[in-house]
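What follows is a pair of complexes built around subunit A, which joins subunit B in one and subunit C in the other.
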Partner chain A sequence: MKLYSKLLLTIVPIIIFIGSNNIATKKTYTAAVVTKVIQEVKHKSGNEDWQTTKPLTQLKTNDLLKTGQKSVAVLKYVDGSILRVRENSTIVILADKREKGLIKNTKIENGKLVFDVNKQSDDDKFIITTPTAVATIRGTSGLIEVLDDGSTLLLLQTGSIELESLGLNRQTSVVEAGTSSLINPDGNIITNELTEQQKQSLSNAYKTNEKTIKVQTNRGNFKIYYLDSE
Partner chain B sequence: MSKTLLFFLFFFNQLLFGQFENFDYKTNPPEVFENQNFSLIIELLEFENVNQAVLFFRGFGEGDFISKEMIIQGNSLIVEIDGRDVKPPFIDCYVKGLTENGVEFTYPQKAFETKNFIRIDIKNKTEQSGELILLNPVQDDILTKEEFFIAFSILRVKESLDLTKIRIMLNELDISRLIQISDDLVYIPQGSQFELKTGVNSLKIFLYDKSGKLLKELSVLFQIISEIQKKEFEKIKFVLNGSAELNLSNENLRYGSNNFNRLNLLVNSNYGSIFSNANVFITNEEKSFLQPQNRFSFLLYNNWFKLNIGDHFPSFPSLILSGKRVRGFGTDIKLGFINFQATYGEITRKIEGNLLTLIKRDTIVLDPNLIKIDSIKYGQPFGLVRFGNFSRKIFAVRPYFGSGENFQLGFTYLHSRDDENSIEFGSKPRENLVIGSDLFLGFDNKRIQFNFQGAFSFLNNDISLGNISDSTLDSLKNNNNLGIDADLLRKIRDLLGNFITVNQHISPLNPHKLPTLALETGLSLNYLGNYFKGNYTYIGNDYSSFGQNFIRTDIKGFQILDRISLFENRVFLSLTYERLNDNLQKTKITTTTFNNYETALSLYLRNNFPIINFSFSNFDTKNDIDQFTNDSLSLMNMINDNIKVFNFSSSYDLKYFIKHKLSFNFINSSKTDLTPKDFSSKFNSFNFSIQNIWKKDLNTFIKTTFSNSKIKNTDFDYFSITLGGRLSLFENKLTNSASLSVFSGDLKRSVLDLSARYSFMKNLYSNFNLRYIFNSSNIKNESIINFSLRYELY
Partner chain C sequence: MKLKFFLLFFICSLKIFPQNSINILVFPAISSTSFSALIPSNELQNNVRIFCVDVSPQGIPVVIKGTFEWKKVGSNVFLELGNFETNQFISKNFCNEELGTAEIPIKSFQSNQQLIDENLQIGVPSGVYRINLALYNFDGTILLAQDSEELSFLNPAQTLQIINPRPNLFYDPGNLLVEWTSIAGADDYFIKANTRSNPSQSLEEALNSGIPLVNNKSVGLINSVNLREILERELEPSSEVVIQVSANVPGPLGGNRIFSQIVNFNVVNPENPLVNVNELRLRNILRRLTSSQLLALIENNQLNLNEIRILKEDNSPMTIEELVNFLESNFENILRIEEE
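On to the complex of A and B.
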């Protein structure tokens, strides 16, 4: 038993060894690139007008991106993490490149996005901010949606997330894969297991296939584009 | 590269082996990461005719073992563990099963009693530092020419990279002049003068450091399609994919030689929100005298309905039906508050017995295998037989209320019965009835959870004579000396007889002592990073469910668990304590008490710091027999032992010229037996391995093991060293691996593993594996050769 005690005494102090020496070096940074666009997607930088987004559009710090009806944008961060911004959503890219590591903060004002975030190193962070919550992600996939009343719905498929609510009853929670969390504007976090419907919703949210229907009328032929999963 | 060097570059076997007693185990993939499915393969070193095998496993800090039936393939037992159950730092498991002769076995031997489990390390998946991150196109992308552009990130490699020397080859043409760079993003936009062709194209990226040395290399294949093809692609709403795999093996072992041929077809499809999976597994190990080895299953499901046809594993409350293969039908209908699940099918196939000897009426002998036979058919009235197995069917139904988010209440009914007409030479057909209920309550966002399940079983060990007759009951009534209430028995028979055969072979015969009652209840609290759980268990000595063969009966007690996560989930501390005892119905001469506690500490510090795990377990088992008794029978049954297990493991990714993955594991286990039998034992095992990643397509490794065990006064020591490696050639189309393990000490043998994998196309590939075992002089050498061909449809 003495041997075990010595080993424990040697190792336990290591727990305390957690350091950080991040120094901000740059304010704008090309954090992500759009790889797929379906229908109406626009972006803007600073005071510029909204511009039509195309594949390879680069998103820098403070850039906004919004999607229209039945529209999707797939963007990839430079660390390989993937965001699928679903229809009627607006996001802001808030990336901060430091001497060591990259802080990526995606602010979603409204709508929903599907995330597939690579495991983050000690010096990196991947954050998604909504009007009512801050989610810190470390190698996780799932869906986050801002509901009409400002509440945040988080469906977590893999990994775990540190969740902090922003309302009066500010709470923090670590949510695990296979759960859904509803963060109310008042700051309450309600966590449950994913329902079958939510699992299906998660599965559909990954699809970005555009479909076409041709409609023949007396006044000519029309094409209607729509998303397969919607 | 010289021949000598090639000789030493024995290539890393993809399947790392662990050594335990008379079996090996391996995982596929060899490194197991959190939340990822993996297969566990137990390879039996000695020939066993295994009829059924079940894996019991539990995660870190969990008290309860989960059971899962294993697939038997020759001398291999295989099971796939769902990623949801894969949590760091490790999984403990053991195998329990039955041989064809009905003999029960456990691997490792007495695993549950000695706490000597198979331990599988689960790694936290950390980001690959120093990697080139390709953003577009990715491997196997399907794009039109208009959609095509190149983008990759140098975020992880920028510090050592020479930005002027980035080279990009598209279909072997250098297009590096088109490169544009924005911060850590390197790209070539659409509309650039690409030499793209319809069909498969290749992209290669080369990064060099400031001294001109190649730093990173990456290549992908992608497909260019026309706009018309794209539209056709998108019209397909019906999605179909699957795979076909043919597997041929020859095992030439010391106990004999066998060939195994297997074919596995898997088809998945979905039409809108309706999904289906079909699976056919056919093997030449399917024999009429064994339980089924072939598997046929079809699953149709959507978000509220599930239908299983064929072989399936229904999941009911674990005391009643769990981990059991059923060949038949299963359904689960979720309508919201009112829900329903049911299963019906065969759990044991009929296996006909054999008539060994005809016996005349005047030469009758006393033998349990002597039965009355059809004298017209066989010429004699009696025969000595080897009994077969009856066909056994099961029916279970569970209406349940509530979705399980905050509330769920379920009621389960299970009935299972042997078909006594299914075989000619059988004995004592049995019947089982289990009724149970389960309840779940969740409060405060499930931070407080309450679980309960209870079940009551009836088992009839011989239904061949049917229900107890009125005349027998009358005779009991007339014999007052027996003290039996015959009228009560008649009422019970009339009532219970609608569900199960009631006769003298039914249990419980003493229901007031609750020998067939099983209860499990638990309360968990999850606050401030502290997960606390308390469980109480009571399982009577005669509790029996045909849907759950391996439940531990005659046990009651409690278990508490506290798991604390600290420093942003970088430190986990887990403590468990359980106190159990048996002899609930006083059917044994003594009561045994189990006092166990376990503690584990896991450290996931910085990314560039070793992962460290400690665990310490203490198991006390003692019964109430006085060690100074003069009663020799009591002394024979005396139990008083203590087991201590200490485990330390650590792994670290070291960068010294190249990347090295180091891991170290030490287990010390000692059992002190304080009875006169003195079955004290000690076990020490050290494992150290280092994997050298020379290039993406070249790895080598060295692994050493020192094992020392002592049971009573018998020592068993061995040392092993394994050298191996892996080399990929022809753009990863051919991957060769080899390893050589040399054992010395009390276990003398050498094991050579060779394997080659060749991809004919991206969805058609073959595998060849050879294992050759050089045994010590008095045992013949052994070999296992395996070839497989796999085609994937997607």
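On to the complex of A and C.
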């Protein structure tokens, strides 16, 4: 009987503690501001309908943001970190303010984003979650993409990242700059050096500055819009 | 009160120490489904590993019953591809290719040939496949545990597709970009190309006859390559070429090779005075972008490219060749073309 009582005395405070944390996560905090919108970008809060996103839109906890074809959204987080959400992507903002520091968790459901994360203090965390991985980032830049089968591809340009896979064969790994990591749905992490094509892809993904080329003809004038480096 | 605590503790114990369990582990890298591997029999042992099963407890006589189901793309219901039941065997962890062996003999199996034929006609896995396994006691009358796993092939991008060149179009032999979709889990891509000697030859025949232009050349983990850089013999001007890309996906038993469609295209003769190579390249790159009035004018021969003026962002001039080079190398970052 004493054993059961002890068990209950242990479990109940844990449940209360977990419950209190859940309540905390239900509060909303402005975690990021949209600084640039290229073509079709939409966002929504809670049960609201999708709204067209404009520059200076504030994104709070649990807000969703999605980009259309050939579209890009640039987000600036409260700590100055930058996310470039590339075309056909959907992300969820899951920021959570703790007693000390702010946990900035961005969940990417599909598509790809480029991150340029400022150095985090000991109490702060910048996390990117995908269907198959959790990446804890501290002063790092790179690209994270959710592939069609749910695998995660991480191309790391600078710094290092703590990577945890979520599949059956759950693994953790610290990946370094200049590497690509493929995290399979089964949880395996395969790390290789960046290929030239991946470096090119990484470089292209940073381009968010809209520019034009003018084509003047005797049948009318045309503008070719393209993305260039900032 | 004592009883409540006892029940609570008992339920917790059951969760922590499961008595009977069966867990299916499917190999997600599998991208071509062998249906013989899904339908086990005693006569035909399978060599394609699709799933493995973790059984607990081990070393006791059990029976396993399984069904394989398929949900077509766009459908809401699963249809049964086949089912099987084993004879009594001593429980152990196993993989699908051990079904039908002396250790795990099959008592009965049935398959829906019509559905299997439908799958084979599609040629690649599509929709959602579900494997259901149930662990029974020694005579198959008491269900001990069950598990179910799904393999999804909902996105056509998982099929290896050649994006460029495009079928039946004309290309400059000096600048022939081969581009394809990526396959998750692939560790290498291979290119095979050949000349099609006459239109009566099927694309497969053309690809596999004579000496290829490129013979399954490994190009690494990339998604585009300039065909010129990997040619094993020279392209003939004004010829028709067929090309196929394949991907190697590592996995059990040496992995899997996934093949793209075979694409046929034409090589222009750059020395032909009637051929404007830059115009050809511009047409091809504009076709890959969203449709635009600019493309329509070029396709309808309503534009003389020698008379157009091209200006960069800073209003400095650009030649047509520079424009084509720029569009080809920055294809990912071209947003749209608008008429002013």
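The rule is short, and it goes like this: the second predicted complex is superposed on the first by the 184 of 230 C-alpha atoms of A that agree within 3 Å, B and C clash if a C-alpha of one lies under 4 Å from a C-alpha of the other, contacts with A are read in each partner's own complex, and residues count from 1 in each chain.
Just so we're on the same page, a residue touches a chain if its C-beta (ideal position, glycine included) is under 8 Å from a C-beta of that chain, and two chains touch if they have at least 3 such contacts.
All of these numbers come straight from a predicted model, not from anything done at the bench.
Trainee: Which of the two partners, first being subunit B and second being subunit C, lies in contact with A:Asn88: first, second, both, or neither?
Mentor: In the superposition, A:Asn88 contacts neither subunit B nor subunit C.
Trainee: Using the superposition on chain A described above, determine whether A:Lys97 touches subunit B (first), subunit C (second), both, or neither.
Mentor: Touch status of A:Lys97: first partner only.
Trainee: Going by the touch definition up top, name the partner, subunit B or subunit C, that contacts more of subunit A.
Mentor: Partner with more touched residues of subunit A: B.
Trainee: On the A-aligned overlay, A:Thr30 touches which partner chain: subunit B = first, subunit C = second, or both, or neither?
Mentor: After superposing on A, A:Thr30 lies in contact with subunit B but is clear of subunit C.
Trainee: Considering only the touch criterion stated at the top, classify A:Gln58 as touching first (subunit B), second (subunit C), both, or neither.
Mentor: The answer is first: A:Gln58 touches subunit B but not subunit C.
Trainee: Scan A:Gly139 for contacts with subunit B and subunit C and give back first, second, both or neither.
Mentor: first
Trainee: Which partner does A:Leu168 contact after superposing on A: first (subunit B), second (subunit C), both, neither?
Mentor: second
Trainee: Examine A:Asp186 and indicate which partner it touches, taking first as subunit B and second as subunit C; both and neither are also allowed.
Mentor: second
Trainee: Of the two partner chains, subunit B (first) and subunit C (second), which one does A:Ala177 touch, if any: first, second, both, or neither?
Mentor: first
Trainee: With the two complexes superposed on chain A, say which partner A:Ser45 touches: subunit B (first), subunit C (second), both, or neither.
Mentor: neither
Trainee: Kindly list the residues of subunit A that each of subunit B and subunit C touches, one partner per complex.
Mentor: Correct list for subunit A: 4, 7-8, 192, 195-197, 210-212, 228.
Trainee: Write out the stretch or stretches of subunit C touching subunit A in their complex.
Mentor: 2, 5, 8-9, 25, 27-29, 152, 155, 157-158, 182, 184-185, 220-224, 292-294, 297, 302-304, 307-313, 315, 318, 323, 326-327, 330, 332-340
Trainee: Within the complex, which stretch of subunit A touches subunit C?
Mentor: Touch residues, subunit A against subunit C: 1, 4, 7-8, 38-39, 70, 147-149, 151, 168, 182, 184-186, 192, 195-197, 201, 204, 207, 210-228.
Trainee: Which of the residues in subunit A end up touching subunit B in this complex?
Mentor: Going by the criterion above, the answer is residues 4, 7-8, 11, 14-15, 17-19, 29-30, 33, 35, 54-56, 58, 76, 78-80, 97, 102, 118-122, 124, 139, 158-160, 162, 173-174, 177-178, 189-193, 195-197, 199-200, 209-212, 228.
Trainee: Looking at the complex, which residues from subunit B come into contact with subunit A?
Mentor: Spelled out, the residues of subunit B in touch with subunit A are 35, 83-84, 125-127, 129, 133, 135-136, 147, 149, 151, 153, 155-156, 182-185, 187, 189-190, 231, 234-235, 237, 273, 302-304, 334, 403-406, 442, 445-446, 529, 565-571, 601, 603, 605-609, 612, 614, 616, 646, 648.
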